[in-house]
């Protein structure tokens, strides 16, 4: 498996100097689900937001290192951030549907990119809703406000919204934290299908979810990468004691 | 496509930033013009004579003290009315009134804030002042007191709006803590909620005072326009002249560039500085509110 | 042991009654004023009054020029203050960070809000009428009223923009939008009803003001309607002021009629703003 993303010696700081991530080096395999897990404050969300340069909006700065996606360092100021964000999509912890119709939510990104053709937009809407496994539930009410859907449905709309832009990488930051088990199952099932075509990085909301979904897993503790490996081996026979302690629930 | 988007966005961003700075530009501009036309007054009629007690421009007497006392006495009277009624109404709306009543009262108070001052002055002349003249057995109904009554009414919406926000912003947990300790709702209001909202209520009062000092038309129409030194208690029930009314009444009749003209601008400068002082003081009282807009609105 | 309980509840009873009374006494005059003017002024209202010109030194005839003048001034004020005010609000809400410069801007806005209306009149006289040589004109008066209305619009607009959830902006950016695209497509669109409410309330205030237009644009009598922005104009607030204080033997009915028209103008704007606000609150998708 070739690495889609290579993170080299990345250190990230807050504006006041406190460190969020310390010297992280990690390779993310393409077309697989990589899971970043660990207790709160570990820097997982921060790392995710570095990957689509969403941290540009906040007080968090990359102090050292680089992140290579397909060989190109995306932390370089010359990089076209807009194009990057279309290539690297993100699903957030709370389902945030835009105050538009379902169709409007899905076509938002494409319209921003300048796509105006009705046929292309409709095609994208249907394609992405099917990939997010929600087409059948909403196909008759695409012009209804997205806010009218349930939490689980909204989150899958958020996933579809990202997919409409045909990204290469999908980032998910605790996407099922507010959802019931059935909706969670639907999302996880969709991810298993999607990983055939997309590189997926997931921050799970529980160790169990990490265990269920991970092809590869990375354990983060207080800004440092403790251990990284294939999901099967890491969860059954972790190399580091800290990893084992966390997985077995001795701390959390 | 991306290129033209970038250029367009660049221009828009520049325009927005420039608009943001414009407020500073306008304040500076206003101050500049007031000073430009007002400072010559200090040269033509020196400061000493400006602080005289006689305002009689026809004979070149430019003592502004009577005008200052006029403004002061009317404003004080207005404050004495607006503060209790304003805070009381705010307490009622925020702490006592049922939901449906609140939905009626708030728009009504906002309505009062929107009434043109000239309409209130008009009613003052036709209705209030004759009534007061008869009621209080005065030679004329156009007095500082009449002005204070109307001005109080004008300042009340400001006080109510800001004070109500302040009371609203007090966390529910404070009240619940007091109730849990056995306090009645009344005791809670006076001993817990109101003190907690202290800085916001103070801001409300200051902004109300600011509103009263700056009012022009109402006072011009009902306070009698007699520039006499208003320092006795009886002055409240006699005609006075405020600074604002002086400017409004006499500006139309002065020759541009004359001493009288400059003195009027000087008075304007004084008013500007007073309102600057009040508003800076009011905003430095630390009070973060969601509805800052409504405060300025009324 | 002191018997405290009955006293406490009695105090509360008295206190609540007093406060309630205060609230009623505050609100009652508002209603009374409106009803009184309505009754006194209604007899004067006729098509001739609303659409006719004044005769006989204002003592007879109609007030059309004053009505038209107020409309012109309100539109003029809107033209200058609305785009500028909304843009400034967008700056404060979406672009500015907490720097000394931003704080200075905010202080400037608070000050603009507190300046007495007659001082605005002086400023307008000094800058627009004399220095820029616009003369006593609709243009000078509108510009003066605009600066006076600016703080109101900026504050309400900023409030409205800020109330749009931050999450929308984050999501929009993550989908490849620029900051301005996010503002235009999501933030501004959602904040629009609130902004509109603020604009209407600000313009309502401008329409009712007399002092700023006294030396900058108001005229007592014009034989015909203003033909250009450089003409002076009659206006309802100024007209009411003059006919109630400076015209001898002025029929009371016409005075009340004028007051009523002004009141209706202002209250209608208030009503429209309130309706927009409550409808927007109901339709909100967050």
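Observations
Read from first to last, the chains carry the letters A, B and C; within each, the first residue is number 1.
Here is the rule we go by: contacts are C-beta pairs under 8 Å (C-beta built on N, C-alpha and C of every residue); 3 or more make two chains touch, one makes a residue touch a chain.
Here the structure is a predicted model, which is why all the values come from computation and not from measurement.
Of all chains, the one whose CA centroid is most distant from that of chain B is A.
Ranked by how close its mean Cα position lies to the mean of all protein Cα atoms, the top chain is C. Between the CA-based centres of chain B and chain C the separation comes to 16 Å, rounded to the whole angstrom.
Separating the CA-averaged centres of chain A and chain B is a span of 54 Å.
Chain centres here are Cα means. That of chain A falls 49 Å from that of chain C. Residues of chain C found to touch two or more other chains are 178, 181.
Shown for chain A are the residues that touch two or more other chains, namely 82. Multi-chain contact residues of chain B (touching two or more other chains): none found.
Within the complex formed with chain C, the residues of chain B that make contact are 5, 9, 12-13, 15-17, 19-24, 26-27, 29-30, 33-34, 36-37, 84-86, 88-89, 91-93, 96-97, 105, 107-112, 114-123, 125-127, 153, 156, 160, 184-187, 189-190, 207, 210, 213-217, 221, 244, 247-248, 251-252, 256, 264-265, 268, 271-272, 275-276, 278-280, 282-283, 290-294, 296-297.
By the touch rule above, chain C contacts chain B in their complex via residues 8-9, 11-12, 15-16, 18-20, 22-23, 25-27, 29-31, 33-34, 36-37, 84, 87-88, 90-92, 95-96, 104-105, 107-123, 125-127, 130-131, 147, 150-152, 154-156, 158-159, 163, 178-181, 198, 201-202, 204-205, 207-211, 214-215, 237-238, 240-241, 244-245, 252, 255, 259, 262-263, 266-267, 269-270, 274. Of all residues in chain A, those touching chain C in their complex are 52, 54, 57, 82-83, 85-86, 89-90, 92, 94, 96, 98-99, 108-109, 112-113, 145, 147, 158, 161-162, 165. Contacts from chain C toward chain A in the complex involve residues 165, 167-168, 170-178, 181, 185-186, 189-190, 285-286.
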